[in-house]
Every structure is written in structure tokens, then in C-alpha cells.
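Heads up, the next two complexes both have chain A, just with different partners, chain B and then chain C.
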Partner chain A sequence: MTDSRGATENRARAPLLEFRQARISFMLRAGEANVIPGLSFSLGAGEALGLVGESGCGKSTVALATMRYLGRAGRVTSGSILFEGQDIARMSEDELRRIRGRRIAMVYQDPMSSLNPVKTIGKQLMEVPMIHEGADAAAARALAVRMLEEVKLPDAAGFMDRYPHQLSGGQQQRVVIAMALIARPSLLIMDEPTTGLDVTVEAAVLDLVRELRQRHNSAILFISHNLGTVVRVCDRIGVMYAGEMVEQGTIRQVFANPRHPYTRGLLDCLPTLGRDKHGSPLATIPGQVGSPLSRPPGCSFARRCGSAEEGRCTTAPIPIRPVPGEAGHEAQCVRMAELEAWLRKDGQAGAVPDGAETAPLVEIAGLRKTYRQTHGLFGDTGKTVKALNDVDMFAEAGRTLAIVGESGCGKSTLAKIMSGLVTASEGTARIGPDQIAATAIDQRPQALKRKLQMVFQNPDSTLNPSHSVGYVIGRALRRLKGLGKRSAEDETRRLLDVVKLSGDFAGRKPHQLSGGQKQRVAIARALAGDPEVIIADEPVSALDVSVQAAIINLLNELQGERATTLLFISHDLAVVRYMADHVAVMYLGKVVEFGRAAEVFEPPFHPYTEALLSAAPVPDPDRQGERIILDGALPSATDLPPGCPFASRCPRKVGSICDTTPPPAQRLAHGHRIACHIEADELVSLQQGGAPERQREKHVRPHRAEEHIR
Partner chain B sequence: MTLQTTIDRVAPPRPARTGPVAGALRQLMRVGENWPAMIGLAIVVFWVLAAILAPLVSPYPPNANDMKALAYPFPSRAHWLGTDHLGRDILSRILWGARTVLLVAPIAVLGAAALGSLLGLMAGYYRGWIDGLISRVGDIVLSFPVIILYMIILAKFGSSALNIIVVITLTKAPIIARIVRGITLELRERDYVLAAKMRGESALYIMFCEILPNARGPLIVDFCLRLGYTTIIIGVLGFLGIGLPPPDPDWGGMVKDTYGMMSVWPHMSLFPCAAVSSLVIGFNLLAIGLREISLRD
Partner chain C sequence: MLRFFGKHALFMVVTLVAVSFLVFALNELSPGDVARKELGAYATQEQVDLLRQRLGLDRPVVVRYVEYLGKLFTGDLGYSQRFKVPVADIIFDRLRNTGLLAAVSFAVIVPLSMLLGVVAGMREGSVIDRGITMFATLAASVPEFAMGVFLASVFVVWLGVLPGTATLLSQTGGWSIPAQLVLPVAVIVLYDMGYVVSMIRASMVEVMQRPYIRTAVLKGMSFPRVILGHAVRNAMINPVTVIMLQINYLVAGVVVVETVFAYPGFGRMMLEAALFKDIALIEAGALVAVFVCVLTQILSDLAYMALDPRIRA
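Up next is the complex of A and B:
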């Protein structure tokens, strides 16, 4: 919920931070890269402003410029950056040192790089008041413990003596936030603070930020590529494109009535929960952010804008102007008034094509993978890590099976077994007639390799930087299809066309490609042998939303044309909902829920699915429901509880039966199954009625009630 | 996001010139923008030309004695860098001496790089006992004081250009193997290596076509540095008298023959020393420059 009244009040006073026509450039060998051509915005005391935009839009430069961390190449060439009335761009190093860390604190994306690995959490926290305020050790210690309690770490005093590597990612980020707030800064800059975290952890951290903000009255400059997270934390939002603020206003104004085509584009290309591939393809924003070395004379978005008008949009700089009738809402578009009203594209789950269920092409049964845990040089601790623990699922031919879960749930291990990088300890996996679970990639016959290909997560490591695009695809064609040199070249061109890249990409090297283009090449490479199954391991999670939408559309189109079966691994529920025909929800090496996508995303949910769904950030200020926050960390996979793996964090736990007895797989319609002690009907009524606490103990299955005591 | 990635993101897309010739040209242009690389390249090219053209440009045959000059061996019109204690023209001997160094050093280092890369790739790619064997044998070779090792081997098998090359190849390969092994351990985990496995490539293809090309940056830099070290080693071997057999000119040997007369005729050993130093500095500057260029990518 946003507090726009407070925000307007604050803005009446002198702003805490004000960019006045700030122009920021990086001096490169190739010339002056004018990243920010002249940016103006202000942030009042206690206000939270979210900055969004694709990568390369200058969001991080704004954050760094506020601290004047621009490196040797970066310069504020004109304009000013006023913090509490003083110009940061013209401060001496001494003055800056007094502000950095004390008046302005920063939280970065990767908490591990903000924490010193050789010092305890306590020492690092105590340093801040001791250096900035000359506090003595005892006072600093007391303050540090209090901050750790405020960021809701259990056993705060105990955490003081721990080292960063002993904490989970979410805990580390809480410590970094505590460290940033301990000096009581008036401005907190957060640059993608939750991007590396799991959704449930992200939801908890975002809630924490919102709560702390009210208590400490720090202003927040919140940078994110994820519109959903901005909605949760901020009062106002600024949309940046090519270093310019193209639209800003309160969250409600911008989300209800986006006036800039770029803002609309960003909102439209999100696969918001509820949409699926049977409805409409996702909207995309064609092209990519232009180079700051040469700026077009008019609107910098005109090249990619569907509403751009030759002449009016492309000749002179466009000023940012207020949106009529909405105080504080501004947009930088000449055609602002002419654009038709924007409608949120959601809830358009299309009808599932009826066609009878096809036979499962991929079938995984009783799959287990156990690693022996080793420790140090000689140690075999005798403990085993159960990465996969009795996994069953299937994928129908020509359909998409999505595997979803948080890190540590075993989805990557499953991909590794399928691809033959490791072999399973027990159980079977088959593709058509071929059993593959126990066969490493080197032992698989070429015909089997051809059937199964993979698309990877990281666009920067998926292509060999030394090989041209044409070579990569041509080589795959020659190996998998046995084509000759000449016919491989023709086929390469055709495949590039299939993934919507022009033929001259064949001569390019990976460093000349954008992230999305690299993924397209990777998809073309995977398609070379006409595979029956493609494993896509988080293929879009490293991409901007606009690019993500295009890649998702491409994968769906290709599936439509070639009837390829997709095993789609993802942590993003909205993407999964959009892509999947079947969904497997995994937790700690077990499948807790499996079924058709439409059914998995409707009650009854497994309580973990329910928590995941409620944690997923929704880019809509009107749909910020109460969320289920999961307490505690993932239990270690070395000593799994005998009962339900989710019991230790489950908000709907019914009693000790959950800890002691493995839950039964309840089979519902169409192969939908939920591994839970609570009966499906009761789950439905719980999940539609809410209030899990009140009804807990009642729903123990009667015939199991005696099993409580071990 | 770090500042560096910000700068990378704003960097313009590079012009899409294709083909190996354009690529080599582009590389060369980048060397041109980098002054350490330029100076290093100039020095190295100077010595390469000197070595090639020695028969044409050297004023005297390298082993000819000018008895008249013995009375006054200092630099003069007739002998620009003076003569040595036997009346031989130092300039001519230095020019001819460049031939040995510039023949033996690159071949030896190339041999070491080839052997080292092969061993390093195998150790890093297969790991396990292959890695253990290669790494331990390498450790043993590296644990010997090299000069003593050279003396023992060359004393046993006799001193010749070929033996020097073999000895340097064998003693330097383990160092290069260590470098390549480290890079291979990292690169073998890349997704493109897995993609190659999934299309059924052989281990040899993956090592030499997927991994090795991406190790070329550090390898080229190391190659230049090691050329410099090897130049010094060849000088030292000559100085110790286990270099090339006399009377053929050899920079280290020239110093050995004359250093006893340093107090009277310092130029006799100083000029060959300067020749060694300049070539080593040339290789090192080239390495520094190439490292900067490779870091920019």
C-alpha cells in the first residue's frame, strides 16, 4: 500500500536529494559516452522512489552518482546533484567522506561482496558507529545487536560472532541492510537488493524494508528491473530510458495510467500471473537501448516506439511535461494526450486446446540422487546429501513441463541428470524408449544426444567467445545431422531465420551480441539436430523483461511449429504459468505438487505452492494482498526430517504428524497430485477462506491422529 | 552492478568487421594505440631485423681479428662499438649473436608452450589421477635449481643449440602447464563446454577448440614474458660456458670472455650486456602492452 499523502507533504519541503539537469558522462577511448544527458528529479525526506528501466538505462549510474562513485572515467559535466542542499558533484573528498556511509548508505545486489569474509558480522556492524560517531565498543555492540533484531534475525546476539559465509543469502542481505541503517542515514540507496534472492526470501526482505522505512524515516532510492518489487516498497516511481526520466509519478498514477509508451511496453511484456500461452503472445519492445555515444536528436525511444511519428518525435528534444489532471505525474512524450487509454493485459488465460492427452514422452520415476558429503582433504563425513529424493513427473510430447522451486530444491540436479552431466543414484528417466538416468553423456549414443538438447541460463557463458555464431551453429549441424560444410551453411542461415536473426549474424562473435541475441543463437544451436526434447534451464532469468518476453514467445512458437517437448526450469511463477502445460513444484528434492498448469495454479494448492504464489511480486498496486511469509531457512539436505520436507516452514502445519510421517500423495483429477497431510477439500476451503491459524489442528486426518508421538 | 559493467554496457557495439585479415588488422591497430606495446614491438623488430640482416649489415665477419685495433680496442670510426680482447669487432659479433638468441629462444619457448598447454589441458580437463601425475611430475621438475639442472644435463649430453632448446622446453613446460591447468579448470565448467559434450564432441576437440582458444590471452602474454626470461637464460648459459660452443658469437659468451677486463675495457662486456637487456626489456614491454590490450576485451 502506498502513502501518497505523506509523499506530497514531503515534497512541499526542500527535497532531500535533488538532481538538477545533471549531465553525467564516462570518458571512454571511443569518446564521451553521455550516459545521463540531463536528469532532474527530487526525493523528499522519508520518501521512497523506485527507478526502473532495462539494463543500460542509467539507473545504476544515478545511484553511483549520488555517492559520487563514478570512477576515473565518470564525470558530472554540468548541472548539480544536491543532497541536503549541498552539491555532491562539487564536494571535496573530505566532505564526501563525511556523507558516505553516514548520511547516505547503499545496499548492493550481491550481499556477499558487501561483507568482509574474514570478519565477524558483529565486528563489521560495530565498526560503523565506532568510526562515524566515535562510539565506544560496548555502546556499538548494543546498537549492533539491536539492529540485528530489527532486521528480524533470530538470535541476534548469536549472529554477532558468525562469519558471512555461515549465513544464507537472505540473512546476508538482512545484515547488509542492518549495516546500512545503523548509522541512521537520511538516504538509503538500494541497487537491485533482492535480485539474487529466492521469491519467498525476497518477499520477506521487501516487507522488512517497508517496515524499517517507516520506523527510521530514511528516504529510499530503490533501483530494480522488477516492477513488482518497486510496487511493494515505493511511493513514487521513475521510469528511466537511455538516461532520461521518461515518466514519473506516484505508484498509483503510473500503474493506473501510464502515459509514456516505454512504461506501457514494460508493463505489457510482463507475463503477469493469470496469463498463459494459450491466450495471447506477450508484447515485446523491439530493438535495444541505443548507444550513449550518439544520441538521436528527438525522443530517444522513438526508434523502438510503436506510436512514434516521424517529424514530431524525431527532430527536437522532448520536454517532460505534467500529465493533465494528475499532480506530480509527468511524462516525456509529445503524443501523451493522443495515446489511447491503457488497459492492463491480464487474466487472459486462454482455453487449453482440448486435444486428448498425448502420451508422456519424458517420464521420470523414483529418481534419487545422493551425494556423499566430503569435508576438507580426507574427510568423508559419512553424511549424504539427498539432492533428489524420489522424484516422479512426466512431460507430454510437444508440451511444456515446467519445474519450479527455490534454489536448493533439486531442479538443477534434475537437469544435470537429464543432460547426462551426472548420473542418478536410483530410479529411472526415459525419453521415448531410451532410459537415460544412469547413462552419462559420454556413454550416450549419438542418436540419443540428438534427441535431447539444452538451453542454458547465463547468456555470457552459453557461447564460446572464440567462435563465430555461424561456426557454432554449423558445427552442431555437422555433428548432429551429419551435414556437409556447404549444406550446413545454408541450414545455419535457415536456423538463424527461425530464431529471427538476420543471416549476417553468422559472421559475428558473441561479444558483438546482446544477451537476448546470445540466447537466440543458443536456441538455434539446440534446434540444430531437430531434438525431441529441449531442457531450458532458466533461459530468461538473466534477461531484461522486454527481451524475456521475446524469448518466451520464440520458445512457444517453436514448440507450436516443431512439436518440441520443453522441460522448462524456472523460479519465476509468472513465467511458468505462462509457459507450462504441466508444472512440478519441487522442495528439498521432492515434488510436492504436480499437475496440469491450470490446476496447479488454482486451489487446492500445496501449502508451499501457495506460499510461492503469494510471494511472487505482482506489478499492480491494487493487488497487493496479504502475503505468506515463510520463516526460517531451508533445512539442510544432509539430515532431512522423516516427515514432510516442508514441515519446518509450513504455515499450515497440522501437528507433529507433519514431522514424523511422509505425507501421502493425494491424487486428484487429471493426474494432479499434492503431497500433503491436509485433505484437498480442506485445502480448498482454507485457501479460499484464509485464516490458517484458527483452523489448524482441526484438519488432521483422523486416522492418522494417533501417530503424533514417535 | 559495478561501474565496470556500467561502462561495458554503454560501450558502443563494435563494428562488425569479419574475416581473419580484418581481425588481425584490428589487433594490430590496437597495438598501435598502446605505447608500451609499440616501444616493445619496435625493439623486438629492431633485433629481428638485425639478426636477419647480420650478413649484410655487419661491417666485419664476426670472427675476424683486427690485430691493429688491439692497441686501442675502444669504440672508433673503424669499430663503432670497439673490439674485444682478440681484436674482433663487437658490433658485428652482437649482430651475429642476435641470430642465436632469436633462433633458440622462440623455438624453446614455443616448445615449452606446446608441451605445457597439452599437459595443462589434460590435467585440468580430466582431473583425477591424470592431473595428480602431471602436476606432481611438474612439481618435481620445478623443485630443482634450474641452473644446476642445466649444467648437469648439458654437461652430460653436450652443449648444442638443439640441446639447449630441449632443456628449456622441458624445464619451462611445467610452469605453462600450471597456468593452462588453472584456466582449464575454470573454463571446463562453462555452458559452451557442456553444449559441446551434448552434441558429442571428443575430449580432444573440447580441449583444443573450445578451451584452448579462450586461454590464448594469458598464454600470449606469458609467451612474451618467457621469451625475455629465456633470453636471460641463454645469456647465463653462455656466461657459464655451457652455451653454444666457441668461437660463434653468443652474447653471454662475449661477456664471459671479457668480464675480467671490466676495469680496463668496460665496453667489451657492457655492450653485449646492453644487447641482452634491451631485448629483454623489449619482450617485457610487449607483454605489458599485450596484457593491457587483452584486459580491455
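Up next is the complex of A and C:
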């Protein structure tokens, strides 16, 4: 340990990783795609640098180039990538192999697919010391177990013999992190390591990364589209646009005084927990990242930049220059000095329009959905899965009801019942006068189908790749409205206009569209029948922040014009805060808190809401509150505890009453209700006191992979 | 595990009963009369009726079916009108011969196709990949009889190093049984392997694009270790069913090869039985073929479970 400190100081002079004018291209049939035109940055030993930017900005290419894993088409055409002084781009395969996994390790976005499905966790972990250190099986095994303990997997030895599919997403990512750190690398590359994980799981994984970073003194190259997660883990941040580092500096420098219009754009378009739709619409960044096949001569962001000046910005390459008075802060903008000071668009929540209470249009009461768990062809395990367990909520006409919760909370089951894909086991759901809980979609009359439409998370998989946009929307118009061919075509054009796409999109196929455009098409299709209610199931979670802002604005505008009622399902609390009039927080098939958005987002909170809020990554270094980390795994939905569903993980659990007695729904002002044994007043005083102390001796339920329900 | 076998055994019995009835009924319905066929066109109707009576063909189908099932259980498969011996005597003999041919062929096909498929698929689009793909396509597209004749003319007629027939009688031209097997096995392997290689290659190409392969490479593993340690087993999951299906073909479908090389096998026997309307033999043969079919199904399920822990549950 003593000499490692000395070594660190030595290395601090020469950076651990340095990109020097690295130019990376992919040779495609269409020509050379120059993804990285000439990138320079450095990363010191033990330092954590976050790379952010929209998709297509070259972040992942930087990560993979550092490992020289660019496929057969990709190469570093000029410049160098120095790691500990050696040029990665010019190493032999053997030298490269000695660095991969040992000096540089990587953690990937999707842990499930990054782990080999047919090998046990243990074998996959043990490989690393066996390859690099020639360790024998016993030594490697001991090391692997120790590593699994270090990433806080309970029963580490037991995990060794499990297969990846037997683990939950969070556990899988812990295994991947253990696998990366097992050889004590000096550089750890993390490519969107928490994307796709639940908020509370993400918070726990990020905490773990911070902790391990301190212990191992590894440098981290942290790639994310989420500014909030970067703030949590990194010291410095680099903003990438079209393969260029347009701005870099310490977290505080960049977040307090962003000098590049793109950085400002990214920060502005984020909904934050303080804002809502009654204030101002979200800022957006128009357009999309240009194709790497052809680059403009000047600033590559100029086409989308509100401050661009014809000539100065568009004729010659822009050099990156230091921001005056801030050491280490650089930006690549010629107008840097002229731009006004940036102000965080905190905005308060706008005033809720008066006389706001309208009659509920959608009302859900006592809704239950129980699945029988089956195993194979004939095997009925006799167990039942309670996906929804006595759910009550309502949405007012022309307003937005947001449903939040983590995976397995039942929010998607609710959407399926509403849309008629499955029918409820018990309880009612109505839209206006129509009861829909027990009616499958094929039994619903046409008029009812028109009333309710869906928008899904992944527009890629919901649009048929062989159908043109015009066909998709036209068919919905013909079937829902009974329009003829000609009038359907006119109406299609009008709908495209409504979602701000030009009429010639009608002739395009989905593969010619960007993610945001696809989602607009999906919304246009949903609007075809002039629905009263639109159910949007995570409609923006697969989109870049700038596109997300545009879609959110669009949904709000449409609601304003058409008085559409929106059931908005999301895991992103900032988006929910921004969009929602009412919020239902769900946990394990129950609504633990329900009320108007303004009230749900202020104390008293249900302890689960509180944990969710504290876990949500906040893109502001000055507002990093203490986080509540939820221990333990989600209880299996097959044997729900008799008491409060959240009791096994609740940091504010009062005692055995939580395990045995279902909590009462405490009714507060404006229909706000919280299902908790703790009195609302007490919750307020507890929660203003900050995060709860973590219980020292916690009764941890036997840890298990989330049950696979087939 | 016990439940797995119980389920499959039940399935097998049900299938066998159903098939036996179907074959029995089909033979009843098809035109032509065994007795007439046996006695020739010049026999009198009286003689035909007499034979029908002796064979018990004048009684209702269902009665005879039940009786047939009963006999099956005592091991009596009936009497072959074509070969004039009890069915049991000929069918097991032929099955043994075919089993030998099938086993040798299968033992060559599987490792060879795995090798070629994996090598081709591990670097998609490489010269090796293109070479193997071309060979596989070519091999699979040349008909068996053409391949048989071609190989025979090279090795038998021209070079004279192998026998042109494989009757399995040791006195045939003094060729040993292994030597007799070479050409039939070669034809079957070439013909069948082209297909299996393509399957394995396609699966391998897909596996090589999976993120866990990237994980393995970026762990610093050498390419051969990545292939052997991470890719091959995953790449075999999908083709395993197809590979097991080859057993069915090898047992009941190699009629052409058996005919070309005068091999006394099961396929050829079935062909002759069908041409001659040797009902007892057809029925027994069909049952055997179905039995093999269900058995390979079980084997492929087992292999599938062995390869992929996700379906073991």
C-alpha cells in the first residue's frame, strides 16, 4: 500500500490515459465514417471522468477505442491513445491482451447480455485471475468469492454456482463490476452501467462504485447520458458532441458555468424535481446529431445552436480554449466569451390553474390481477402471483395521472388491463360511463377502442418495419374513424403536422426515422381516433434528453389543445413531477401513495416515495442529498407478506406491526393518501430531519433472485 | 428428472399407439389386396378368398387391430409376405445393419460439422468462412445418387481401392466390412453434413456478435480461448435439435445410398415392403421409425437441457 501511494504520485505527472488528437473512423460501404475527428483529453490515475452527450456522439467509441475493440471496420487513423505511456493503437495483439481485463477493465450497459448465459458466475469470475496471473482454480475461487463479498452480494459463495439468469438486474451488474475489479485494474471503463436499472438499484450501484473507487484507487471513465449519475460518481466531466469534446472541466465548473451552448442545452432540457408543466415548457435542442459521413467545415453544433453566427461559427474548425479564470475548464466555442451567464432553469412549479378539480374521467377501484404461476407444460406450481393487489386511483378529465414505481410494481399490468390486453381478476376500471376492467380488447366496441389509445416505450418494436408511416396512421384512421382512403390521407397529413413532422414523412419507413421521430409517429397513430384517454407506457425513457424534452412538450401541448387525459407510466421522478397532475406511487402491486403531484412531492411522503426521491439522480452538484439505500431484494410476488409490502426494505419500519398488519390508508388534504403505519404528522417531522439512520441490525430477508414468472 | 422421463415415456406410448393405428388403417384403405398380390393375377377368386381367410383378412379392421396390438406385446410382429420369414427375423437384422451405417456416419458428421461450422462462423466473411460455406452448399446440393455414382467411379472403377457394393457379406470380393462401409458413409456424410455445417455456422455467427463475447475478449482472453470457452457451447444450443433430427434421417431415410451400394439396410427393406404391399413389415417398420423418432426427440431435449442452464429451471 505504501508504494502504491508513491506510484500514484509519480503517475499523476504523466496521465494514466491520454487521447492525443486521436482520429477514429469506421470504414463502411458508404465510405469512411469519421466518428471521432480528433479527440484529445487525459485522465489521471485515480481520477473519474464522466463523458456525456446524446446517442451518436461517440462516447461508446471512445470507450471501445481505449480497449482497441473497434471491430474490423473501425480503426484509429491518426493520433494516439496512450495508456500508461504506451500507444494502444499500435500495440501488438499480445500486448493488448495483457492490458485488457488486467490494467483496463470494462463494465457494460446491459449486464444480462454481457454475462455468458451458460457459464456459472464463479467460472466467469475465476477466468480473469487464471488468465492474467496464472492463478490456480482454488486461489481464483477464493479471490472471486472475496470480490463478490466486496460488491456486497449476500451469500457470495452461493452465488458462485449460479447462472446469470438466476440473478436480478442489480445483482448481475454487481457481478460484472466484481469481474472488472478482480484484477485490480488501474482504469475502469463504465459504459452506461446503470441504464436500464431501477432507480433505487441504480443508486445502490452508484454508491458501490464510489466506495470501490476509493478503496481500489482505480481511475474511472464513466459514460452516461444521464447527467445526474455523472455528478454522483465523477470528479470531472467531458461533454461530447459529434465525436468532439466540446466542453470539459470539473463537475462544479461545468455545472455552475457551462460555456458551450450544447452543454447548456443538455442542462436546460432536463426536467428537474422542482419544475412542472404549469411553469415553462422544457427547452429543447432542435434537430439531431449530423451524420459522421459528412462533417460541416465549422462548428458541428452550429446547425442546432441558437447562438450560432453565420461565418464565424460555420467556416473554420473551432479550437478548444480555456475558460478564463477557471483552471482546467475548456470549451470549444468561438462565442464563449460573448454568451450570457447561464442560469439554472430551476423555476418553481407553476401555479396550478384554479377551479382545477374536474370530475374523474378514469376511475380504478379495488383492481386485482392474479396470475397462476406455471412451470413448464403441465406443471402448475399452485402458487399465485398477485400482480395487482387492490389498486385504487383516478385521473381527472384532461389531466395527467402518472404512475411511478420500479419494475415488478404492477404498473405495466395496470396498463395492460386498461388497454384490454389482459382482464382484471377483480375490481373495476371505468372510462367515463364504460366499465373496462373485465373486457378484453377484442370484445370492446369500436367506440370504446377509439376512446383509449396506447403509446409504448420502444417505438422501434411497436412500428412494423415494413409499413410506411402513412400506412400505419392511415390504417388507424380507417379502422377507428371509418375514413375513406382519400380523407384518411388528408387526415394523416394533418396528424403529422400536429406532432410536428412534415407531410412527406408519410412515405417513409420506420428505419428512416430517428427515435424521437418514431415516437412522434406512434403518438400521431394514437391520436388517430381522437382518444379521450392515452396511456403512455414509459414513452420517453428510451430517448435522448433533448428528444425527451420535445416529446414531453408535445404531449403537454396536445393535452392543452385536445383535453386528452393522459395515464403516464414512468420510473423517472423528475419527468413525473413535470408532467403529472396526480401521481400514484406503486410498490409490489399496491398503491402506497396517491395524490396531487404538488402534495406527493412534498412531505409527508410514504417511506417508499421518500426512498425513490432520494435515489433519483439530480444533475446538480449542489443538491446531492443523502441517499436512502434500500437493502434486500424485492419480496417475491408469489408470497407477499401479510402486512405492508414495503416492510422488508423500509428504512422507517416501526416494528412487527408493519410485517403483520396491512397499513391503513391515511387520508390527507385533497384526496392525498398514504398507506403507512406512521402518522402523517410524524412522517413530516421525520422526513424534514433528513435521511433515516440505517438500521444497524436489520432483519434481512433471505436474498434471492427475483422470481421468474413465466 | 423423474417427471421429465415420465412425461416423455407417456408421450412415446401415446404416439406409438396412434401411429400404429394410423398405419394399420391406411393399409386397410389403400387399394390392392395382399392375397391377390400374393397369388398373382391368374389365381381364381376362390383361392384368393381362401388365403384371405387363412390370413384372417376377412374380419373387421378393429378386431384385427386389437389382435395385432396383442401380438405386438408378445413380440409377434407378424409374417412378412415378401421375404417369407417372420417380420421379427428380418427387421432386427436390417435394423442392425442400418444402425452400424448410421452410427459410423453420425460419429463422423457431428464432430466434423462442429469443427467446420465453428471455424466458419467465428470469423464471418473471412476466406475460410467463404470456403467452408461454398463446400457445404455444394455438398448439400449434389443428390445422393449422383454423389454415390461419382465416388464409386473414382474409387472403384478408376482407382480400384474400394468395393462398389456393401452387402456386408464378408466374402464379397474379399473386401473387409470396414472397407465396404467407406463409400456409403462418405456419401451420407457429405450429403448430410452440408446442411448441419450451415446450421452451426449461422448459429456461431450470431453468438460471435453477442455482448458476452465482447466481455470475454476484453477480459484479455486469447481468441481460441474465447471460442472454446465462451462461444462453442452457446453456438451449439440452437443446432442441437437439428443434429438429433439427423438420426431419423440416418435410420429411415438413407434409401438411395442403400440401394446404390446394395446395402442390406432398413430403408431399402421398407421400400421393398411398400412396393410389395407387405403390410406386416410396413407396420412394424413404421413403428420402429416412429420409436426412433420419439427417442431422438427425448435425446435432443436432454442435450438441450445439458447445454442451456436457462431451461433447466
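The rule is simple: the second predicted complex is superposed on the first by the 676 of 710 C-alpha atoms of A that agree within 3 Å, B and C clash if a C-alpha of one lies under 4 Å from a C-alpha of the other, contacts with A are read in each partner's own complex, and residues count from 1 in each chain.
As a working rule, a contact is a pair of C-beta atoms (placed from the backbone, for glycine too) under 8 Å apart; a residue touches a chain by one contact, two chains touch by 3 or more.
Remember, predicted model here, so these are calculated numbers, not experimental data.
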{"item": "Partner chain(s) touched by A:458 [first = chain B, second = chain C, both, neither]", "value": "first"}
{"item": "Touching partner for A:487 - first (chain B), second (chain C), both, neither", "value": "neither"}
{"item": "First (chain B), second (chain C), both or neither touched by A:425", "value": "neither"}
{"item": "First (chain B), second (chain C), both or neither touched by A:257", "value": "neither"}
{"item": "Which superposed partner A:128 touches (first chain B, second chain C, both, neither)", "value": "second"}
{"item": "Touched partner set for A:99, first chain B, second chain C, both or neither", "value": "second"}
{"item": "Chain B versus chain C as contact partner of A:28, first or second or both or neither", "value": "first"}
{"item": "Of chain B and chain C, the chain that contacts the larger number of chain A residues", "value": "B"}
{"item": "Which superposed partner A:114 touches (first chain B, second chain C, both, neither)", "value": "second"}
{"item": "Touched partner set for A:69, first chain B, second chain C, both or neither", "value": "both"}
{"item": "Residues of chain A that lie at the interface with chain B and also at the interface with chain C", "value": "69"}
{"item": "Complex contacts: residues of chain B adjacent to chain A", "value": "1, 3, 6-7, 9-14, 16, 18-19, 33, 190-192, 194-195, 197-201, 210, 213-214, 216, 297"}
{"item": "Touching residues on chain C, where the partner in the complex is chain A", "value": "3, 7, 210-212, 214-222, 225, 229-230, 233-234, 237, 307-310, 313"}
{"item": "Residue ranges of chain A touching chain C (in the complex, touch as defined)", "value": "67, 69, 97-102, 105-106, 108, 110, 113-119, 127-128, 131-132, 163, 165, 176, 179, 375-379"}
{"item": "Residue numbers on chain A that touch chain B, as the complex places them", "value": "26, 28-30, 33, 35, 55-56, 60-61, 64, 69-71, 73-74, 109, 191-192, 291-294, 419-421, 441-442, 446, 449, 452-454, 456-458, 461-468, 475-476, 479-480, 504, 507-508, 511-512, 522, 525, 528-529"}
